[in-house]
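Each chain carries a letter (A, B, C and D) given by its place in the written order, and its residues are counted from 1.
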Amino acid sequence: MAPAATISQPTLTLAGARTTLAAAEQHALEIGVPMNIAIMDSHTHLLAFTRMDGAKITSINIALDKAFTAAGHRVPTSAYKENVWPGGMAFGIGNTNGGRFCTIGGGVPIIDDDGRILGAVGCSTGTPAEDEEVANAGRDAVLGLIREEKENEKWTEVMEALEKEREREWKRVRKEITPPADPPVEEMMQ
Amino acid sequence: MAPAATISQPTLTLAGARTTLAAAEQHALEIGVPMNIAIMDSHTHLLAFTRMDGAKITSINIALDKAFTAAGHRVPTSAYKENVWPGGMAFGIGNTNGGRFCTIGGGVPIIDDDGRILGAVGCSTGTPAEDEEVANAGRDAVLGLIREEKENEKWTEVMEALEKEREREWKRVRKEITPPADPPVEEMMQ
Amino acid sequence: MAPAATISQPTLTLAGARTTLAAAEQHALEIGVPMNIAIMDSHTHLLAFTRMDGAKITSINIALDKAFTAAGHRVPTSAYKENVWPGGMAFGIGNTNGGRFCTIGGGVPIIDDDGRILGAVGCSTGTPAEDEEVANAGRDAVLGLIREEKENEKWTEVMEALEKEREREWKRVRKEITPPADPPVEEMMQ
Amino acid sequence: MAPAATISQPTLTLAGARTTLAAAEQHALEIGVPMNIAIMDSHTHLLAFTRMDGAKITSINIALDKAFTAAGHRVPTSAYKENVWPGGMAFGIGNTNGGRFCTIGGGVPIIDDDGRILGAVGCSTGTPAEDEEVANAGRDAVLGLIREEKENEKWTEVMEALEKEREREWKRVRKEITPPADPPVEEMMQ
């Protein structure tokens, strides 16, 4: 069979982005580091952004680039650590995409349990480790929500199937216990 | 007297940006046009951003540029309408600032009652008129909040002044009605 | 209590920038290295710039980028030295912000005694050590001026308070020593 | 004769740029419009810049681009008015030079009495007419200074020539009135 001409791809919605953003922000508050937090969809386009009071101005762009890179390359930006050193196989990759390819930790992709990319979070103002920690908190929150929604969806499907089964059963039972209908009046008049 | 080496300037906080964003989004929902909404501070730096589901991807950048332009030039981007036509006095201004200077309606500055720039909202996906309407809704909401906060601040000051006055009065009264203290025990023993 | 919608932030004025510029230039003359000197406000926007005769043309941009980076990230650009080497935690950060993030010594933030960012100086043409030395001279001069202004402000407040106190005292004394006013002429005529 | 391999070209120094800047700033104060003022040398490179308190942030770049354009194309940026309209012979020129070619009034070249380009001033924040007026004030001041210096130079040359002439004359006179020297002692001893 030839491949289909179209495909449907999952991506975060604004609702998903907000869950991510809220959890990341909450975590940043907990560790006491105000952050720039950017959420991109699975196509590297910005969905939501927050600059917490006190976050660095020159980190706005870094947060955006981290999310961009993680959404597009589907790995955490921290993964590049050794690969981008001189001699590493990705040395120089930071110059690509107009310099937007960011190889500093703090960008993490959001990948569902089926391995599909949904989007990415990028954080910046703290150390790369802090930035990544905050981004992970955002990612975990939205993946938790997605699993819950999936669970709910399964339950809904099961419940709907049960409901249908029960209805079918009822129809059958009703049929069995229903006495034969009286013959139509016209017949009785004959 | 020589001019001072520093000055203090107001700007939106994230809280102010959120009020703006929420009101703009609400208005976009009411008119049924999903929008990209960008909020910048008084220094043209991004504070918060939301892409509503269904908003155009190529309008992300336009919303950002509208907010940038309104924050920096302190007028609605719609003000440029005729000035940037051939023969208009600002014809060509759209090429400046690396092409980020946007002369399409939908960017509005947030200016307080003392005429000070606080930030800007930029909206994009609808017609320029719709975009500006949504941006205005955001601006009006935050200006309303700021007026309320100012009013509260005044009340707090008045209440604190009254409280101090009352305390002074009490001290005076207490002094008047207090009988002279007994001499210290040591003195009585002598 | 909810966070306020606006905040007031300090920044250098042109007067402050000029003091910085003059001191940096003076120091550059003393060490015999003509410099490009850029002064930015606390929001990474250019306030003042000087290219001394003989300074390198391709260092104009470097001075600007150093000031930009120091103002936005609030640390001297020399702080990145080892962090941006291969293996360093900020390796690759120089590609961010459209390549404007400069990690070469010579950019220093101007931070007041309360830890607030006021702006930055960026110098370029000499060695990074010379550039930073010149930038430091500029920063020290303006911080000295700011401390002086603060001291003067306190004195002004104290002097005004004393003046008011003295006036109140005079009024009281004058009241005590003033003989009761003669009754109005009309009364005397009756 | 073959053309020479090198040439000497005049350009503004920092001293010249400062005269230009000071006069432009003074004029901006007089008309009550705070400006961004950029001075470039004859090779389109930045020499000096001032952002007056209250000038627009998004006009920093515009002032720079106006000076860049006027220095490079050697005409006031206002000269493009009709040429860049649709149908005009320079329509589209604003996109060149990476979008830095600015066709809005406010950039003026500094050209000496021999028609040689020395640099340019670019101003921005007011209307194009105000911006150009302020730029002209800067240009006129430095051209006045240059004429004065040239005049002084001529006088210096004349005075030096006179001085030399007088010296030559003195030598001649001294020779005439000097009695013949006594013959050397050795000769007398013979």
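By definition in this document, a contact is a pair of C-beta atoms (placed from the backbone, for glycine too) under 8 Å apart; a residue touches a chain by one contact, two chains touch by 3 or more.
Here the structure is a predicted model, which means the values were calculated and not measured.
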Tell me which of B-D and A-B has more C-beta pairs in contact. B-D
Averaged over CA atoms, how far is the centre of chain B from the centre of chain D? Could you give it in whole Å? 44
Need the CA-centroid distance for the pair chain B / chain C, whole Å please. 24
Could you give the separation in Å between the centres of chain A and chain B, each centre being the mean of its C-alpha atoms? 32
Shared-interface residues of chain A (touching two or more other chains) are 53, 57
Counting only chain pairs that touch, give me the topology of the graph as line, ring, star, complete or other. other
Chain C contact footprint on chain A (complex, rising order): 53, 56-59, 61-62, 65, 80-82, 84-86, 94-95, 99, 101-105, 127-129
Looking at the complex, which residues from chain D come into contact with chain C? 13-14, 43, 45-53, 57, 60
Considering the complex alone, what residue numbers of chain C touch chain B? 2-16, 19, 41, 43-45, 112, 118, 142, 145-146, 149
In the complex formed with chain A, which residues of chain C make contact? 3, 7, 43-44, 68-69, 71-74, 86-87, 89-93, 95-99, 101
